[in-house]
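The following pair of complexes shares a single chain, chain A, combined with chain B in the former and chain C in the latter.
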Partner chain A sequence: MQEFKNLKDLPEQDYFTGGSSACAGCGPSMELKLALKALGPDTLVVNASGCMTLLPLYPNTPLKVSWIHNAIENAASTAAGARHGLDMLGEKDMNVVVFAGDGATYDIGFASLSAAATKNERIIYICYNNQSYGNTGFQWSTATPYGCETKTTPRGKDNPIGTTDVHKDMMKIMGAHRVYAATASLAYPVDFLNKLVRAKERGGFSYIEILGTCNTGWNFDPRLTVKVSRLAVQCGMWPLYEIDKGLLTLNKDFQELKPIDEFVKIQGRYRALPQEGVEKLQALINEHWAQLKEYNGQRYV
Partner chain B sequence: MKQTLVTGNEAAAWGARLARPDYIPTFPITPQTECIETLAQWGADGELPDTYFDKMESEHSVMSAAVGAAAVGARVFTATSSQGLLLMHEVLYIASGMRLPIVMATVSRGLSAPVTLWSDHNDFLDQRDSGWLMFHAENNQEVLDTVIQAYRIAEDPRVLLPVMVNMDGYVLSFTDEPINIPSPEMVDEFLPAYAPAHTIEKGRPITVGPPVLEDYSIFRAQNHVAARNAFEVIEETQDDFEKIFGRRYHMVDEFMLDDAELVLVTQGSMSTTAKAAIMEMRSEGIKVGLLRLRVIRPWPAGAIVRALKDAKAVAVIDRNLAPGKGGIMFPEVVETLYHLDDRPLVSSFVVGLGGNPQTEVKIKEITSKLKEDLVSGQPRVEWNDIEEM
Partner chain C sequence: MREEELPYKGIEGIPIIKEPGSASKVNRGSWRLVRPVYDREKCTKCKICFTYCPDAAINWTPEGPEINLKSCKGCMICVEECPTDAMTEEKEGT
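On to the complex of A and B.
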């Protein structure tokens, strides 16, 4: 399978058609639509409970590929079973692709993900990271960034910051599993799809984490989904990089990051974050970015 | 046919091997571990050429992987016990709701806390509303035979439900018994390859496990209908099994019931002990018999009524406890008999929790008490093991 050169190079054929129940401006559903262009019709999507679980609603579905939803914490294990079942039955060229949120990935499904990666199961695991439990109405997960307000980390008199924890460095953890791990963004679709192509060609387990830009949870105008996705990359909130066999490659380098202010000020989830919180968030981002710059092209984990 | 000494765990592994599953996801837990270790070794030795043996990081993932594999049309086997079965609990409902004919051997062990490794039936019976068909074997031959039968029943288009085959930990799982291991050719004749009508495959996309709105109750009702269809399929399966293997099993196991006034209702391996005690009591002129519950789901009400309708007094011996309620099977038996005009007196005995041994002496004591109940006309509810507290 060839890598794509530019947007015009992407296949016209869609396997995610109209009639889905996703919110207007939903990032993850557009990301799945894009992913299926690269993956094609012979794909089984294994979904973990979350927003995307509502794409098919009996007896309708917007999908033209097979889909299985088991529960929230077991997508990787379900996918491993499906992979081996298909292999044993001679359907080796079916893609098995997980599409799971960050709660299902970082938190409750972490053990099953780690085992599947350790066993290098031939699965492409896509985590659409909306930095929260989105489908239940935006609660904290271990992917929620510092300073973000959620329904379970609300701002108040005693806690003006909201989320005071620093999110889990999942890319480093997955990189340490000696698999292919990459970040992606809706605003850089060619980069995203080429990472899927690389994952597929590479075989074995791949972990691709795409920022699941969520206008309802993050509270911004649904027209701005792509802009917010791009800003996240440009501010260093969501750097694009890959880790393969421990080696780091920064896919989108910048001379200078845009200030995190630009990202923060257009989203309700950060709106009331005090200046000291914004400064700490900026410091955390700078630290991570400096680390990526330092290790670019070198062994990272 | 040659007899071989095998443990209950090995008998389950033999049943699985002969059924030639495509996929076996596993996780160790005492007292089941020997079953998956046996399969792992056979796999390493090239004895399971048609099977992918997998190791998972939890029982929850075992059942999740089983669901994934069964949904793409693979024949799946696994085994678990106790805490592991409870960890699977969530996914058991998903497996039956998706109508996936997974077969699983369960090895009963009491539940924490406190920790016990020994057997009672709370783990198994905790799954009784999960939509799985549930068999409880008395001995190692029955374990092997029922695993093979389970695939026929589970994969029948009238049923399409997962099946659990239970054995008691230690008493069966770790005890050698002489059994007949059928030839692969005979098993192939009895059990054709699985050919699912609806499955995930290339060129024919389907959706498995989506949300539904008001149709939810229709899907649940279909599960109930499928479980009830299993009555007919189980009977047919026993007929075919007997034709090929010469052994016959029933929905319930009836022992010396013909003229029995007193009947003990049991489950699992304690039935063998009780049968020995009954033979001794019979020689003393006591008209006592035994009904062993073999199929727990679907609940064979008809067979139970036929077996118990002429009894004068029945003792339901539960090796389990629902705290605040009592024995789990006692109310199930009582409601089954309730509508009879001339129903027997039914007493409840909770015994053998956490592997407390069920001796012939204890069985005789229960029988004496049941006889007293018949004379007094007062059924009793007794926790035999803990009454001295």
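On to the complex of A and C.
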């Protein structure tokens, strides 16, 4: 399959409808809609408990493809099992795709994810990373960025920073599994869909992590979902890159990053983050960006 | 494979949703405080609104976008992202 060139080139057919109970302006909903454009009707989505579990709510579903809801711990194992079952039934062209949040991916389902990647199971694992346990009310996960306020890392007199830990570098971890690992953003849909096409054609295990821009948890006006996602990339908060069998490719390079202040100041989750916190966040981003620039085109993990 | 051909029929009594995309019949328009209003004259058919609508409430037709107000939750992403002023915001009930 040829890669998509621009927005007008993307498939017009949707396998996702309106009518779900997701919040207005929900990033992960948009991401699933977009993903299904590239994947097509012969797709089984395996979902781990999270916000997206509530998309199909009996007796209605916004999906026009098959869907299995699974425990939060083992979406990757269920997907691997479904893959083997479908292969035995001769349904080799069917896509098996996990759609799971960061809590399910970075934390609770990490063991099954790592096992499926190690075994190079022919599945596409999409993590929509809203940087929190969104469905249960925005608690901290190991994907939550430094300086972000969550229900379990509240900002206060004793702790003005909120989240004091630096999030897990999941891309490096998945890259070290020697599979295809890529980041994506809803603000760059052509890049996202092409990564899905690449993952599908490549076969084997693929890990695609898309920033799950969440206006409810991040506390901003839903109309800004695309803007916030774009800024995340332009500020280096969410760089677009891929690691294929250890080799790094930076997909979106910038001469200069926008200051992180532009991203931080439009979201309630960073409200009242002191200047020293913003500076530390900027330093963390600069360090990661310098690393990506240094290793671009080379062996990274 | 068709459902009738499956060797395993599932557990009886477990509810199965059989109509793909049946949620499109649900009225989410009641969530809206503001609604997008489309002006064909100003539209360049760039597909930006169509791509970014999180609820697939914008259908694409040969004439351009068509808003389905039953599915539109009024997030205003289409209004914010439209590069011309073909999508504008209006208060509900006006």
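Convention: the second predicted complex is superposed on the first by the 301 of 301 C-alpha atoms of A that agree within 3 Å, B and C clash if a C-alpha of one lies under 4 Å from a C-alpha of the other, contacts with A are read in each partner's own complex, and residues count from 1 in each chain.
Methods note: a contact is a pair of C-beta atoms (placed from the backbone, for glycine too) under 8 Å apart; a residue touches a chain by one contact, two chains touch by 3 or more.
A quick note: this is a predicted structure, and the numbers were derived from the prediction, not measured.
Once the two complexes are laid over each other on the shared chain, residue contacts for A:N135 go to neither chain B nor chain C. By the touch criterion stated above, A:N74 is placed in contact with chain B alone, chain C being left untouched. Once the two complexes are overlaid on the shared chain, A:N194 sits clear of chain B and of chain C alike. Of the two partner chains placed by superposition, A:Q234 touches none, neither chain B nor chain C. Residue contacts after overlaying the shared chain place A:S185 against neither chain B nor chain C. By the touch criterion stated above, A:Q282 is placed in contact with neither chain B nor chain C. By the touch criterion defined above, A:Q267 lies against neither chain B nor chain C after alignment on the C-alpha atoms of chain A. When the two structures are aligned on the shared chain, A:L63 is found in touch with chain B and with chain C.
In the superposition on chain A, contact is made by A:S20 with chain C only, not with chain B. Residue overlap on chain A between its contacts with chain B in one complex and with chain C in the other: 56-59, 61, 63-65, 89, 91.
Every residue of chain A that touches chain B in the complex is listed here, in rising order: 41-42, 44, 46, 53-54, 56-59, 61, 63-71, 73-74, 76-89, 91, 93-94, 111-112, 114-115. Residue ranges of chain B in contact with chain A, taken from their complex: 22-23, 25, 50-52, 54, 56-58, 60-62, 64-74, 76, 90-91, 94, 200-203, 205-213, 215. Partner chain C is touched in their complex by these residues of chain A: 7-8, 10, 12, 14-20, 22, 24-27, 29-30, 33-34, 55-65, 89, 91, 186, 189, 221-227. Residue ranges on chain C touching chain A, taken from their complex, read 1, 15, 17, 19-28, 31, 46-48, 51-57, 60, 68, 70-77, 79-81.
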